[in-house]
Amino acid sequence: MSARGQKVQQARPNKNQLLAMYETMLLIRRVEETLMEVFSAGEIPGFLHVCLGQEAVPAAVAAHLSQDDYIGTTHRGHGHALAKGVDLNLFMAEIYGRANGYCLGRSGSMHLADAGHGVLGANGIVGGGIPITTGAAFACAYKHPGRVAVCFFGEGASSQGAFYESLNMAALWKLPVVYVCENNGWAEFTPQSVHMTVADVAQRARAAGVEAEVVSNDVLAIHQVAGRAIARARSGEGPFLLEVKCNRWHGHFVGDAQKYRGKEAVAQAMSDDCLARFEQELIGAKVLTAKKAKELDQEKREAVAQAVEFARSSPMPQPGDLAEGLYL
Amino acid sequence: MSARGQKVQQARPNKNQLLAMYETMLLIRRVEETLMEVFSAGEIPGFLHVCLGQEAVPAAVAAHLSQDDYIGTTHRGHGHALAKGVDLNLFMAEIYGRANGYCLGRSGSMHLADAGHGVLGANGIVGGGIPITTGAAFACAYKHPGRVAVCFFGEGASSQGAFYESLNMAALWKLPVVYVCENNGWAEFTPQSVHMTVADVAQRARAAGVEAEVVSNDVLAIHQVAGRAIARARSGEGPFLLEVKCNRWHGHFVGDAQKYRGKEAVAQAMSDDCLARFEQELIGAKVLTAKKAKELDQEKREAVAQAVEFARSSPMPQPGDLAEGLYL
Amino acid sequence: MAEIRYILAVGQAMGEEMERDPDVLLLGEDVGAPGGSFGASRGLLERFGSRRVVDTPICEASFLSLAAGAAACGLRPIVEIMFMDFITVCMDGMVNQLAKMRYMFGNQYKLPVVVRTPAGGGLNAGPQHSQCLEAWFAHVPGLKVVMPATPADAKGLLKSAIRDDNPVLVVEHKALHAMKGEVPEGEHLVPIGEARVCRQGGDVTVVTAGRMVHEALAAAAELEAEGIGLEVIDLRSIQPWDKQTVFDSVAKTHRLVVAHEAVKAFGFGAEVAAAVGEELMDELDAPIGRVGAPFMPVPFSLEQAYLPGAVQIAQAARQAAQGGF
Amino acid sequence: MAEIRYILAVGQAMGEEMERDPDVLLLGEDVGAPGGSFGASRGLLERFGSRRVVDTPICEASFLSLAAGAAACGLRPIVEIMFMDFITVCMDGMVNQLAKMRYMFGNQYKLPVVVRTPAGGGLNAGPQHSQCLEAWFAHVPGLKVVMPATPADAKGLLKSAIRDDNPVLVVEHKALHAMKGEVPEGEHLVPIGEARVCRQGGDVTVVTAGRMVHEALAAAAELEAEGIGLEVIDLRSIQPWDKQTVFDSVAKTHRLVVAHEAVKAFGFGAEVAAAVGEELMDELDAPIGRVGAPFMPVPFSLEQAYLPGAVQIAQAARQAAQGGF
């Protein structure tokens, strides 16, 4: 993490920063894989949306954020929360609906929030988080100068009026917000072509007067543009939209058999592996060795296994606790 | 009015067509002046929004429409309804809230509708009419090929998400709808600069994948672009947005003293007189004589006076009629 | 009669009505090739094509109002709102446009729009995917609101709704989607506004709708052993609701419990209880019991502890049976 | 004590609270230089500048949710929704976000947002500018709902709302804006959730709120001549509502009428009547009367014939006074 206001974010990441991003991606990968497993095994009720294949975005963007910056995210929000630094055990306990989870087990995966790390919440309403996160940026401009808000969402959400309305206000008031659209080509079971006429969400942003840029699912490319966008926002130059063209590896939610999507298309999607690519790059650049990668992987696997154990052995909320805290 | 599907609309209007537009503008002018008067005198309750200074748009656009095309309009919708050919007496009776008004006196000025002329209604909700009119275009494409829907609204409304969402669907499904934005620079008491970052609503449209063009408050210019847009729509080429930069001569509603707007700015606005300009042009082109203009004016004044008399002498609804027709 | 699932009955109703009337069409997110999030429209795209089974972008506010406009111009759209919670996004269309267009325009337009939406808990889907908001719509003149509790009603009420020239909100219950039941073949229409006495009983009337009908029946079975006879009324329609059937039953049992899954406070049970209290109080031998969810959002965890059901209904009915003045 | 208009009392409350706490700010359409559509914020822009008196674009859905996000991050926004009818546009923000964020996030965030909105008829503004929709919000756990009936309460309730760490919907009534009344100077707070007995009487309790309080008082004056004593209770808050005060009064008068301007069916009166019927039925000597608007949109013409008022309250109270079992 970098000092505020300075434009260091635009510099190429140093070795430690590269490794930190790699570790974040690795952690997200392992968490999501594990969640798929335990969810499929029936350990977790409700809906679960994983971001496998899309790990580069949270890692690269959050690399520019401090603990007290804000993020708002969506139903597919595990990666963003993890990258922002939430405690893995409390995160897992919440997804398991336990009393000691971040939200006392009331939110589960779909509404997970952590005030301590500025995670304003996943949101079950598509587009619902965009104006809320824009409001966080409003508060930054008003009360917490130097802080920024980052708003994650999908290309499907960009058809909601809330997207357009929020960008207009952000542009109008030069709010310190960076919109990050993970364009994975699918909204539930429907491909982008069915619900958008323009190819890029970036084009939609420009219409609202917000500068925008499109990058591929490459962690360093994302890191670079995000750095510039966040630095701009911190220094009061207003909002920016970063669109990342990526792929959703799996179904919309865990359990979605994807009958609407050909096997080949899925294989094609899964060939876009931002983590494997980054690993090769780091090894090639001698920032990482295969051995170190293995060690790190082992470390993450253990941390995730431990968090699952923590969640499993955590208490369920008590019916008597349900009413607590509706009003202050 | 022109035959469907043929591209005659793009031709320059002939003498009769020019005169018809002139008469429409004149009628709207006289109706609105009279309504201001009788409203100020307390004859009509509620809110009344007049379109003085903006008469060119309805006249020029409706010149390309048949009776069974659809229009949707706003709180400032008298001109559009009149240009579409509603009966002046029934129109006036509705504004007076009489039992024989188009809507049995239930809608007044702000929700006036006339199914017989495809007037889908003024709308009290800013932006509310945009998706509804887009739905009319959907019905045209589905069931009434060759018909189009024209959607009138202001630049203020273009900040509502409904605007953006509707344009996206219209572009996606190539609906036969022409969006006509009367950009009069004001939304109630607030100028455009306070709520929009982009200068043109047209830019917003392009972002949604809808072609757009900006013209000045000149009836022939509007007529030309509208003709092209409507012909395109009729032939299945999809939606278009036409933005007209015009001026609101008076307050937001009748009775608004416009303290927020300098006297000079008002004088400046009122110097943009699309009707007077058109009259001079027609006289210059020998399509009209000053004498004929006077006669027409007299004719319109009489028609309006008669309509007011008709409305005044029409019966109020009876309390017993109130419940009629909530459900079929 | 065939035994079919509730969700299939919904699909049959849509398919039959689309077959019958080319103006009927379906709009919603993922309703096309995927057949809808819950599978209601499975097969319809293949049968009717993409002009009539229309996948929308994610913009409930506008595609709902678009349907209103299309209806005014001669179509009969069915709109699927994937979860009832998302209807918050299109309340202007529901309330200021769809509900009012017919009346405020002096009967010039018909508004044959059906809005189908799955409500309620049971999937542990949390606070933004589990709400029962029907009471809002019952408070809005111009809308009709039905809540089918069985596959037969899911089909029969939906078909009636599609043929109605007024906007009708059809509130399905997610927890009933997989339920099987007998559904009459062929022309099966259930009139809107007629309740169904689904169990006769002499001691306490239980008025309810949707999923809670089954909970009431379970409570009735339980109380039978205790010698308390419940008369269970499935309202089917919340707006308009069948006062006569309710009043007739209360005139017989003199005791009433009203039950729904929605939050108890300000729910539709309040209206039923208030109407009985206003017009039929002298028939009552005990206070009117009300059952509904506690006053809080639907939590992700402990959903089952949160949701009202047979236990609460039985308790309220027991109290009504014993209570008196 | 000064006599000031209701709308000025609203402005005073905002001005004083903005003075007291720099985190309080105002967002809405035309709230800046024009001072708001009804003049509530007149002078505030001059005093507090455009960072704190923020003119928004016309996009209720998003500026309301923006306020929710800003509140979670430490601000205390007041949001003006110009007419209550327009709140339909921002129901997702109201219901799925603002109301639930505190609870569903396990108390991690405070949500001190005040939503001020003028409701009701009286201006002949027609079906889309005259609605009373408070019952919807009272049905949503997480929101508080107040309806000030006097200038003093307009100020005192709004000040309490601004200091509340929960979202509060303040429903002003357009027809009261010009009303004058005594307003205590200085620190004047009216607690949320406490009703006011605004007239004592022994025969019939009338429970109401907002504009209808004045109609109830007019009815009371009229019935006094007939020898019927009305006890008029101004609920002030609809959610939470002051059961104790209502129950105490009913225990005294044994007769109850509930009155509001909103459509009668499924209005807040249903909840009050149902609660009394449920918990206090043995105290009642007559059926509970309910007064509300008829089941139709508010028409442009004949608004006065449509709106319920003193006549209907007097009639219901007379009936309650005479009625029995």
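Letters A, B, C and D mark the chains in the order given here, with residues in each chain numbered from 1 onward.
The rule is short, and it goes like this: a contact is a pair of C-beta atoms (placed from the backbone, for glycine too) under 8 Å apart; a residue touches a chain by one contact, two chains touch by 3 or more.
Source: prediction; values computed, not measured.
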item	value
Centroid comparison with subunit A (C-alpha atoms), farthest chain	B
Comparison of A-C and A-D (more C-beta pairs in contact)	A-D
Approximate Å spacing (C-alpha centroids) for the pair subunit B, subunit C	40
Inter-chain centre distance, subunit A versus subunit C - centres from mean C-alpha coordinates, in Å	37
Computed distance of Cα centres, subunit D from subunit C, in Å	30
Where subunit B touches two or more other chains, by residue	105-107, 111, 123-125, 128, 159-162, 165, 168, 172, 194-196, 326
For subunit D, residues contacting two or more additional chains	56-57, 59, 61-62, 85-86, 88-89, 92, 96, 103-104, 126-128, 141-142, 295-297, 299-300
Interfacial residue positions of subunit C with respect to subunit B in the complex	23, 25, 51, 54, 56-57, 59, 61-75, 92-93, 96-97, 101-110, 141-142, 144, 164-166
Subunit C-facing residues of subunit A, complex	45-47, 97-98, 105-108, 110-111, 123-128, 156-157, 159-161, 187-190, 194-196, 259-260, 316-317, 319, 322-323, 326
Residues on subunit A engaged by subunit B in the complex (per definition of touch)	159-165, 168, 171-172, 194-198, 203-209
Residues of subunit C that touch subunit D when the two form their complex	61, 85-86, 88-89, 91-92, 94-96, 99-100, 103-104, 126-128, 133, 135-136, 138-142, 239, 262-263, 265-271, 273-279, 281-282, 284, 286-290, 295-297, 299-300, 325
In the complex, subunit C residues that touch subunit A	29-30, 32-34, 37, 55-59, 61-62, 85-86, 88-89, 123-129, 294-297, 299-303, 305-306
